[in-house]
Amino acid sequence: MRQKLLSAGANELSYEIREIVKKAKILQKEGVEIFWENIGDPIQKNAQIPLWIKEIVNDLTQDDKTYGYCDSKGELTTRVFLADRTNRLGGVQITPEDILFFNGLGDAIATLYHYLTPTTRVIGPSPAYSTHSSAEAAHANHHPLTYRLDPENHWYPDMEDLRNKVKYNPNIVAILIINPDNPTGMVYPRDILEEIVDLAREFDLFLISDEIYNQVTYNGVRAYGLSEIIGDVPGIAMKGISKELPWPGSRCGWIECYNREADLEFNRLCKVLDDAKMIEVCSTTLPQMAIPKILGDPRYDEYRAELNEKIGWRSRFISETLQEIPELTFNPTYGAFYNTIVFKEGTLKSDQSLPVKDNEVRELVESWVEGAPLDFRFVYYLLGATGICVVPLSSFASDLRGFRITLLEEDEELLKQTFTTLRDSIRSYLDS
Amino acid sequence: MRQKLLSAGANELSYEIREIVKKAKILQKEGVEIFWENIGDPIQKNAQIPLWIKEIVNDLTQDDKTYGYCDSKGELTTRVFLADRTNRLGGVQITPEDILFFNGLGDAIATLYHYLTPTTRVIGPSPAYSTHSSAEAAHANHHPLTYRLDPENHWYPDMEDLRNKVKYNPNIVAILIINPDNPTGMVYPRDILEEIVDLAREFDLFLISDEIYNQVTYNGVRAYGLSEIIGDVPGIAMKGISKELPWPGSRCGWIECYNREADLEFNRLCKVLDDAKMIEVCSTTLPQMAIPKILGDPRYDEYRAELNEKIGWRSRFISETLQEIPELTFNPTYGAFYNTIVFKEGTLKSDQSLPVKDNEVRELVESWVEGAPLDFRFVYYLLGATGICVVPLSSFASDLRGFRITLLEEDEELLKQTFTTLRDSIRSYLDS
Amino acid sequence: MRQKLLSAGANELSYEIREIVKKAKILQKEGVEIFWENIGDPIQKNAQIPLWIKEIVNDLTQDDKTYGYCDSKGELTTRVFLADRTNRLGGVQITPEDILFFNGLGDAIATLYHYLTPTTRVIGPSPAYSTHSSAEAAHANHHPLTYRLDPENHWYPDMEDLRNKVKYNPNIVAILIINPDNPTGMVYPRDILEEIVDLAREFDLFLISDEIYNQVTYNGVRAYGLSEIIGDVPGIAMKGISKELPWPGSRCGWIECYNREADLEFNRLCKVLDDAKMIEVCSTTLPQMAIPKILGDPRYDEYRAELNEKIGWRSRFISETLQEIPELTFNPTYGAFYNTIVFKEGTLKSDQSLPVKDNEVRELVESWVEGAPLDFRFVYYLLGATGICVVPLSSFASDLRGFRITLLEEDEELLKQTFTTLRDSIRSYLDS
Amino acid sequence: MRQKLLSAGANELSYEIREIVKKAKILQKEGVEIFWENIGDPIQKNAQIPLWIKEIVNDLTQDDKTYGYCDSKGELTTRVFLADRTNRLGGVQITPEDILFFNGLGDAIATLYHYLTPTTRVIGPSPAYSTHSSAEAAHANHHPLTYRLDPENHWYPDMEDLRNKVKYNPNIVAILIINPDNPTGMVYPRDILEEIVDLAREFDLFLISDEIYNQVTYNGVRAYGLSEIIGDVPGIAMKGISKELPWPGSRCGWIECYNREADLEFNRLCKVLDDAKMIEVCSTTLPQMAIPKILGDPRYDEYRAELNEKIGWRSRFISETLQEIPELTFNPTYGAFYNTIVFKEGTLKSDQSLPVKDNEVRELVESWVEGAPLDFRFVYYLLGATGICVVPLSSFASDLRGFRITLLEEDEELLKQTFTTLRDSIRSYLDS
């Protein structure tokens, strides 16, 4: 090539949590039955779309209009519906013009960080969700900048760490929260959210709240939206239907800009996001048209409540199964689909293993664990010995060692069997 | 805000061709009936999706799988289908791994230019399509870099201009072609394509071919795909179903990477595009699953032929109607949905006008034309006097003065009436 | 111009401490006699170069060789002399290859920050010396990043502030010390230097030590060189003859790189500085050739001791004169030529003034103080009422309010008179 | 190190023409007597500073003032003197405020390119002088951008090449000329300069004219200053005393800004250069104070004329000696100290050599020529066989193959012997 092509930031793109999938597929070819406890897609875990929802979608696909472009900011009637839904929460009030549709939050995230000048930074939680942390790192040509979620304190943010990083690093212009959080299943309490808002106000920052799991809470907890607690601080909520409907294949998400007028520079950023979408014409039409029909249907809330009840049951079952292992730091979850379980310091060692019967599988596992971080070692042995596929915690820009599981298995018996096996394997591994 | 937020390139985002829509909507509120000859969406111009296609889509929406994520590169069966379709053209051969799905070509374009280092440039045609030219300009923090399409020579590229710019500007790393071209309706002849490939080979560039209108040709012409002529040069074809199915609301497009292995740096670029999509998980699932079923259906080719025949008829009618006005440089079109018509130099003047009966409308138009480029002046008067909404040519990063029309009006009588009115208005305006 | 010319960082260049000079020159034209207590040039304050030094210089100017280029890194014999001088301190050992000459430290500073990638930061003291802070800000396209020197604690660094900023801002790659410090006259105690070295080691930083005033200490204190305390941490000492000889007009300074081999990236930085100088051929020859002859002369140490004794006397006189004003935070100085005196919070008000007899001068002063920071207000009134020219503290990237004076006046009587007048004016101003 | 330290541009710093010095010093240690025909320092080639000049310098070194800082833009009386000297040429008129002193042109060049935004480019001549080409490349993170000097046409610029590059590369904002040129000895004719000025005016560029050799012309030719031909176009002349006095060790050069007011952006650039120097306080004082005394002395013009006469004689002798070798493209020189001699295409081969008697020297040379460009091969053999040290042409960002010699040898007999040996060696090498 005539010149070097790639920008410095291009090297920062990584999505390590997909690496374990490649390994699992190799073992699958060797005949190992894989239990995919790594996947955050309810559909792939056998969630079923109710018939009444499919009927709504079917009706829409009869309508030529759903095949055409929509407004570049998103279908107007849908934005009216969503603005109203936010406004009824009683917090900051918005108009349809404050809403901008994207092709999923991945698109929103990539676009937002892209247009921030490289010397600005957005600080987000660690363990980190790669879609945010990679995109932010790519824009800044540096490693992601994170605040610590504390496994010794319900995975709540370490507010001293966050405050200090904000105070002492003037390049930070925004704080990201993911609420409920992926990968920990933590739901931010209201007082912590308010403290974060105060911090943003004090240091003249804006807030980003990824609320993709906003409706996915259970066991008595609900997640506050950014609009409810932001007051007069500028901020962007990121929402979508991928996880709550669930319809991840729709790639349909949107942002809501709060208090645009409160800050000139923030307002210009929101305008640039509008412009960036306009040059792509618009986001995908069909799911946008479905949103008011589905979310506005009287059956919807009941349906979502049932799904949450099921996830809540699984969360409780997993808690009962795993929380008593003394070598683990285990937190019950209250939102999203995941739990992240930490091995206490010093419990993992470089000579632990699980018995793998098949020779070829064992040789593969042994070759992978060579020089790998200790949580990868555990995860590979678990995969080889039991077929259970979980994601190592060190993939989430974290210094902790542990693993992420999902709460999505629809088949109760299979779930029980999987997590009982997991518990026994942990014990066996730690004792080996 | 604590710091300046926006990158230098953010100022380069502009999509001027939407400005005329705002003006038209203002007049619409004043009671003017608007004829939207500015819109490149067949659905909005009353194209009807055939029943057999809707049935395929309906069947898919019964399947839970279409609601889930697909592979991050795109649904595998679809990539197999598309790789085979390209390979049957007999040119460069690809595998499904060379295909990467995006949420429409706007997404592909934004991502591609984003990860090129800012000091590299991609040269594209002028008149320019804003989605390319704005995204490229935003990445380079500069005005778009263009080669001239020559209205005196069928809108074919001015190859001397292109060769000189490539030769004398070492920052250029790629040549963009849009084939068939938007906004001119020109289809690149094979020998010109081969000359461009030779140029890329000589100067160690890669090629980008936007082929969104690849199947939209008529009146005896067909468009060559990049795969057919690229030989051993690295390149990226950009394809999609927005315009050919047409299903613009699907936001479903893909790129095909040719000769990845031929150049290390190009291969790394393709890898980075894979990575960038992976952190967004994947592109929208439903239309991907529909592609092999629809494009592989025996009815499809016949259907597309009928649509092309209709566009071809409109193209001929418009040619007959407009090409004899001596003040215009008029080229018949052979592909895509548009024609761009140029006023010869010196024919537009700053005191020309059309009679506008309604006082308020006239005052609005008179306020808009103040200080506007001469083609904007014509377009505003046309809009006020007749309701016909066309796009000024100077919106397309061009120094020429003229306007873009579309070839999408499904209602024959309305089409005839619109273009007859347009012809008469041009004459009246030039004589005023 | 065809394009925008300037880089983003160009806006960060500022040297506010020169602004007061422009104001003083305006009053000088109005007939006010100015006492230049703002200037850090001993020569302009009537220091006399001893005859034996002038004879050495004269002898050199007879030699054609002093008119030619020297080695691009600097005259070898001089580098041998200087390496030996550093090595005799008993700390880190260097060779002549670890020394690189520049045209004054301003040149060294500009070049060093220039080649650091823009997302890295060097943290330095506040009050800040503009040559460092502007150059660092220009490289980073942002405001300077500083740690606090504490006027309530002898102007010693606020180590908690420094540690927190280093810890919480991963963009910081180096810590700058100016020792003795300009503008506070503070000399870093050994234990604080060692704490800073430990901090650099802990966070994998390098150190920059501006030692231009290294030999200018008095009243019982001496300044430690970086080489004496750095141990195994990479670092750069910046030295020169501008202030100690004093020969500021020579523009002759050099850097000494310590522990180059300890870190690959640091070593590459040192190499790039060599390369950058090589493309300028070399630094100015004559003063380099004079260095071993003058600094190696037995008369030199005695001469420097006398100068220090005189500065020490002035420092004590000024302390006695000013330290008892209760509204001031006053610290005795032990190095360099300056003292920075802070008004305690709340003592400056926006209606204080000094009587200015001349009408035109008073009107000028009144126009300048409009909207100015409160220390500027004091400085302008002082200038108008007494002709004493000092530099406002807020010019030094500081939130404190005060002023910098110099300790250079050779005429004892004039010094006494100036600082007595200053004391009386402060009292009068605060009481007004 | 905590982070990567170096900017992308740091890799572009190279000064290949110093590489040959390292090789020569190795052979010197082996006992080879070296004839340094690579050095552009008259002093090192035994030029003698006249006594009257040394007396002026001596008188200045008695004056304490020459040891102090001067004005940040440079000593005012000197700037008055220089502005007057330029104004008397009758072209564009300047004031002392349009002059800014630097520590040699290397400093001016590094500073100028540093503050240009990275996507702008300055095009300069090839063969290129590294101080310009490396600094420009470092600012742009890319290879230098050059126009061709044509050895078949007196080394005059290939104006078609220059015009095309300017026309087709909108990133170019300025054209650099070095007049008289290093390394070719060409002096730009007035009509070519005027054509370059016209080009700058047409494309809205500014001009940079490196005039360090402006007074070094001979054999009937004189060099036009930029001020004489620039008319109303913005531009910067770079001047100094290194080569004409000659006093290279002074590191004393200055820029003159022409038509600052003609362009807002250009004016801001000039202002930023002032600011950049101000944060370094000032440039070296002594030589600035010497300038009006020496250049204003009645003996000066006569002295310079004598030096030029001597260079002219050497130029003629070398022409007579070398120009008849048919394998060389040889151009007589008219300015500066150098000649660049090209081997015609195809005359250099990879098996040519010169006999080297000493075994160790021969083995060294044979190890160096392995894989080296063909002109390096010739230069290494010449060095080993004869001790004559010249610089390979491919070190000057050129695709041509040849070498640069100097015209500085003060000893006539030695000069004759050296160039006769060179001629015989070329013949012998080509015939080998």
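Per-chain residue numbering starts at 1, and chain names A, B, C and D are given in the order in which the chains are listed.
In this section, contacts are C-beta pairs under 8 Å (C-beta built on N, C-alpha and C of every residue); 3 or more make two chains touch, one makes a residue touch a chain.
What you are looking at is a predicted structure, and each value in this text was computed from that prediction instead of being measured.
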On the document's contact criterion, could you list the chains that touch chain A and likewise touch chain D? B, C
Contact-pair count is greater, between B-C and C-D, for C-D
Taking each chain's centre as the mean of its CA atoms, which one is most distant from chain A? D
Would you mind pulling out the distance in Å between where the CA atoms of chain B average out and where those of chain D do? 51
Averaged over CA atoms, how far is the centre of chain C from the centre of chain D? Could you give it in whole Å? 35
Distance between the CA centroids of chain B and chain C (whole Å) is 60
In chain B, residues with contacts to at least two other chains: 3, 8, 117-119, 142, 170-171
Quick check on the complex: what are the chain D residues that touch chain C? 1-10, 13-15, 18, 41-44, 47-49, 54, 57-58, 61-62, 64-70, 72, 103-104, 106-107, 109-111, 114-120, 130-131, 134-135, 170-173, 203-206, 234, 245-252, 263-266, 268-269, 272, 275-276, 278-286
As the complex stands, chain C meets chain A at residues 117-119, 140-143, 145, 164-165, 167-171
Complex interface listing, chain C residues touching chain B: 3, 8, 142
